[in-house]
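Take a look at the structures below.
Two complexes are shown next, each including chain A; its partner changes from chain B in the first to chain C in the second.
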Partner chain A sequence: MSCAEDINLLAVVVDTNPAAWAAAASDPDRPLDFVKIIEQLLIFINAHLSLKFDNELAIIASHADQSQFLYPLPPADPLDAADDEPSKPANVYKQFFDVDRAVVSKLKELVDDKRTKSAEHENRSMVAGSLALALSYINRIKRANENNSVQSRILILSISPDLPSQYIPTMNCIFAAQKVSTRIDVCRFSGRKYGGESVFLPQASHITAGIYLDIPEPSNLLQYLLYTFLPEPSMRKTLLLPHKDQVDFRAACFCHKNVVDVGYVCSVCLSIFCSLSKKCPTCQTVFPAPK
Partner chain B sequence: MSSSAEVAKGVTNSIQEYLQSLPRQTFDQLYAQPATCLATLRLLPPIAKQVVMRLLYTQKPVAKADVEVWCFPDHRGDLQDSLSKLSRLHICTDYEEHLQMNRIFQENFHNALVGGGDHVSFGQPMNDNKGEVDIALLDRHAAESWETVLHQLVGTPGDRRPKAVTKLLLASGLQEFPDDGGYSETNEHQKMNITSKGFQFLLLDVNVQVWSLLLQYLGLAERQLNMDIVQVLNFLFQIGSLELGQAYSVEPLTDTQRRVMEDLKYFGIFYQRTKKSRKFYPTRMATSLTSGSMVSSRKPEDSQGYIIVETNFRMYAYTDSPLQIAILSLFVSLQARFQNMVTGLITRDAIREALTKGITSDQIITYLTAHAHPELKKQSPILPQTVIDQIRLWEMERNRLRLSGAWLYSDFTDLNEFTQIVNYAEPLGAVLWKNEKRRTLAVTEEGHENVKSFRKRAAAARAGGAGR
Partner chain C sequence: MATASKPAAKVATNGATKKAAPPIDDEDSHGLMGASGQGYSWEEEYKRSWDVLQEDEQGSLVGAVNSIQMQMKRRRLNKDTKVVQRGIIRHLYLVIDLSRAMAELDLKPSRVECTLALAEQFVAEYFDQNPLSQLGVIITRDALAEKLTELSGNPTDHVDVIRKKANREPRGEPSLQNALDLARTSLAHVPAHASREILVLYASLTTCDPDNIIDTIDALRRNEIRVSVVGLSAEVQVCKTICKETKGTYRVVMNEGHFKELLFENIPPPPIAMAQNMSNLIKMGFPITRNFDPPTLCACHHKPIRKGYACPGCSSTICDIPTDCPVCALTLVSSPLLARSYHHLFPVDNYKEVIPGPPLPDVLATTATPLAGHCFACLQAFAPKAGASNAALVGLRSARYECGRCMNSFCWDCDVYVHEVLHSCPGCVNR
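== the complex of A and B ==
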């Protein structure tokens, strides 16, 4: 049982795109309350921390125009050094308290931020940037614990529609994750007015051997999280967990960022295009004229 | 790394065994504290943890058949082991092929996760406005106190001999009185001797040492000090969840728990500035109690390793700690002592003396390897192979004689009778020794009955044959 001694690192990417959550809250069939979702997520995160003393954690918000760490915060952050820092109540485990406080205050900050107000009408989420942040954090933890093996995984809570303009960075992150054997689990909300079919995220979990789950009943989110996403990677050989059989492997073209079923592929650099051109815009290879 | 992992495993196992020996009612009281629930969960095997998490928010009993299909078929055995562990710790109960989680555990573990309830089981922090106590001081205090305990164990003369420590060392059988006079108030100051168990104890990892003493303390608290075992255990699990370097208030503690703290202070698990202080600081020893990770509570320079062993059986130890020198002198014949180092020779006599005290060769080798100097650690294997082999050989030397009960068969009338019996007994594995010339045979105790009846039958057959 060597895996029992490993350090478990969970990086959670939370989609905080305000437009999507606003739409979700007013959905007639399955209304979603952002606060309730975050509450359930925090219990799940505490459960992860409670499994083992040295379990590691990172939480990243994927906002409409930026990606930000919610936890851990840099030590120089004024929030930590503040004199009026509320002391920990005696009924709460110290680690849980730190995480919960950091996440809640950071989320408030993010929502109140003036800069994002202008971007609010844009229904998008910077998943690629958040994945990159998560991967770099995972790499840092691995470097810091060279003597112990670190088992890492990423969990994406996603609600926004795919952003074809981010196809290339997203795929790059997915392949980077595959290379460092980090699984990407995806927990996806979809209703009539939000979510919708995602093309990139099922590929992400398929390529990295993660789990993709559409949440049919968001009010029971916590149970889905505890059942499906809590088992650490080493447990996945033991426990029967859901997996998605059919994966949509469609790609976005490099020229107009459209999702295409059939397209043209450059024989030299494998770039994908939706329309035929004489020269590859990526690697400048001149194609022979079609006969 | 693997050795420290094994050590961690050993620690969790011994705590679990202790917990499993407790009656059911005790568990219900124990699980009333969220901190205890959290610590117990961390002691469980990985599958059991997942089972607990899945059942946590399930109100109705779950059919066992449903739980079984959570696992791949080839891991069902592991799942069964985990489930039986859960029921022995009374976290889940079996009832009519259904699993039902202990309500008290369920409620309080939920409280631990959401920070609800009013139980103060994670410690009441206090502001340390003077800021005199830092982590370095706590580490120093823990290391010094623990070393004092070990010094007392090896019998180094000293004036700090708290009664709590003496009692515990005696109760755990690590020390004893030279004449079996037993413990009484009058001969309290009599010098005690270290036992073979005590010698073995010295060579263990610090965390294992702390836990084995704490388990002894639990037994002592129950039998002799008439303490409420639930409060003691809750307290131990609580201090495992505290934060290093933070001051905590004594106020919420019960009288029993204050007494425990008073006793355990001598082991370096807590720090209090003055005896009457209203706050206490857990040391690294306390906060790593339930973590299972081997956070060494010794000073960094100690944990670095200081022993060099050469192929010519010479040993150099870069240390000035009387304790380490005392431990080394258990199995090394020391030759010279300098300001920052001692030199010695690993001799047959020294090793044999250690062996007669009940120390095994494996313990010696593990100790030398664990405390090897960084330079020595670059080699593979860390200790010279000749030295390892020789220490093992010296141990085997003592095992040349093996005693076993036997029956001696002699005075056979002729060689024929002798070989007949030998041919019968040998396939049974009953022959210990035989001498054909003297027609003598030694038979094991187990084989004796068979051989005896065979001899009778053979004798009867011969007599019958002669008669005809």
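== the complex of A and C ==
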């Protein structure tokens, strides 16, 4: 059980891939409005901060070609230096104000950034990179609070399709998270024209004992966030939370990207193939002829 | 069986001759040594670990602590990041000497306690890093060798057996030959594509063998079994010969910290020699999870389970993977398990330390591209170089390490974290 002194660290990874959100906004059945989603996310984040004074937070945008911290801001960021503390409304909690301001202005910067408009970055999202940043940040917070126990978790708001080239980094991040018992919760949007089945993320939540939730009704996102993802890990045992019954642990073969349930594995590099071959394309090992 | 009691080993007799022999990089490990400066636990009368720490002129210990940390860091930097073929599927027998020599108290609290505690950690870490590998435990005492566990992939079996009281009592003489022979015959059925290894934790300076140990060495070499030894007292010629002949490593510990280090060096899978490369394609199944309501008996342990896996070959119910299907003998794994070992194959390049040049004159400083003010991964600010009070502290905090591929700067903590836990560079995966 957790004690009152635990520090709760929540790292939120927001998928900000412009192509996917554009597709989602024009979806005929379930249009998604990015601004509304971010508004609801901010309410959720404020709820997390208001639960306890010590609660820590990191928000990372997983963009099409980079990952960026939205909060906390890097030290000596021009944003802090330029406008000298705009007048904070008197009846606003300082932390809410700081977080909201940082997230909104950083997101605007990201969206306005011209570099991402090129075609080669279309419809991808740096989830693995964001996870790596989140874990490094969690590691730093844990290191800084060696005397207190830090309960950390990661929440991914995901809409982009999986990026096969990020399979190994994603897996490495999942195992690193598992090692420090950091749960990875996944909140996935999917509709007819966007999202779709993700293979990596259900594995991430399954391996780290997190929650995987396909949002059935995106306009009610806030309710899902508050009821499912807000309770801290130590409370989750007592709650009846959604869980995914079947996790697909089948592998995709390296040669044709087919999903296989019985495959052949190279004993040297552990690449997976769907049929017998003479030479491993990954590590160039020559196999003896089958007897 | 061990009948004769002839010490087959040449024994090094005193500290002076030992000094040169073990392949230990003395200058690197200096910071971890005890007061005598010699560093060998068994030579020390008193443990004076506080002598290592020297106060600086302000009476602070930060400098001393930092310099020790930096030494450890430098040692880690030597890690090889070349892409080599590694025998990822390993079969290893852990041989633990439980002879009278283990009862010595030079390692704290005693050799046997220290060894067995480290052995437990070793087993856990071994399976974490080598998910498809197997391990077995053998002990040797009273001139006999006893197999505690058969080769298996379940860490709890091995840890349980190591924790058992009866298996923790040192007595009698060890028998190196009996232990090696037992391990060798047990490894004989291992498929050719897997690597066969023996790791011996050896405290005694003698061995009590029934026969000529040189024959055993030849047999080991014929079977392509790699023997590594971690010695607890002094270097012993017979161990050295065994390791040399079987292409293993022989290291002698100096103290508890060094012991752990040497033992854990055996955790990453060793590179395989091209000659013994018996690679093969292995047929494996990737089962799908299944929920059962009401609970169903599993095929492997005949216990009722609610959650399990279905073998893709024969559809029998399995309670946990990785395992071999008890019905159709198909190796069952999950894709995350395979992915767990990929980081051995694609290691992260070592980061270069960036030495900041002398502060630029103001005119140039504005035009030159500034170094990032914070760590790319964790946003930790790099301390400014000038004007700080404690030089050693600044040395650590402002140390920045740069990835050669993505050219991002990282702090010291993140460098260690990336290379030891995360195994992928946060800068490179964001491109």
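Keep this in mind: the second predicted complex is superposed on the first by the 252 of 291 C-alpha atoms of A that agree within 3 Å, B and C clash if a C-alpha of one lies under 4 Å from a C-alpha of the other, contacts with A are read in each partner's own complex, and residues count from 1 in each chain.
Following the convention adopted for this analysis, a contact is a pair of C-beta atoms (placed from the backbone, for glycine too) under 8 Å apart; a residue touches a chain by one contact, two chains touch by 3 or more.
Just so you know, these numbers come straight off a predicted model, no measurement behind them.
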Partner chain(s) touched by A:93 [first = chain B, second = chain C, both, neither]: first
Chain B versus chain C as contact partner of A:223, first or second or both or neither: first
Touching partner for A:239 - first (chain B), second (chain C), both, neither: first
Contacts of A:147 with chain B and chain C, given as first, second, both or neither: first
Touched partner set for A:72, first chain B, second chain C, both or neither: second
Chain B versus chain C as contact partner of A:160, first or second or both or neither: neither
More chain A residues in contact - chain B or chain C: C
Set intersection of chain A contacts, chain C complex versus chain B complex: none
Residue ranges of chain C in contact with chain A within the complex: 85-89, 132, 193-194, 272, 277-291, 312-313, 330, 333-336, 338-343, 345-346, 373-375, 377-381, 413-414, 417-418, 421-426, 429-431
Parts of chain A lying in touch with chain B, wherever the complex brings them together: 2-5, 43, 46-47, 50-54, 87-94, 96-97, 100, 147-148, 222-223, 226-227, 230-232, 234-235, 237-240
Touching residues (chain side chain B, partner chain A) in the complex: 1-2, 5, 8, 34-35, 38, 41-42, 45-47, 49-50, 53-54, 56-57, 69-72, 75, 78-79, 111-125, 127, 241-243, 246, 252, 290-293
Residues of chain A defined as touching chain C within the complex: 65-67, 69, 72, 74-76, 126, 128-130, 132-133, 135-137, 139-140, 143, 166-169, 171-176, 179-180, 203, 207, 245-252, 260-270, 272-273, 276-277, 280, 283, 285-288
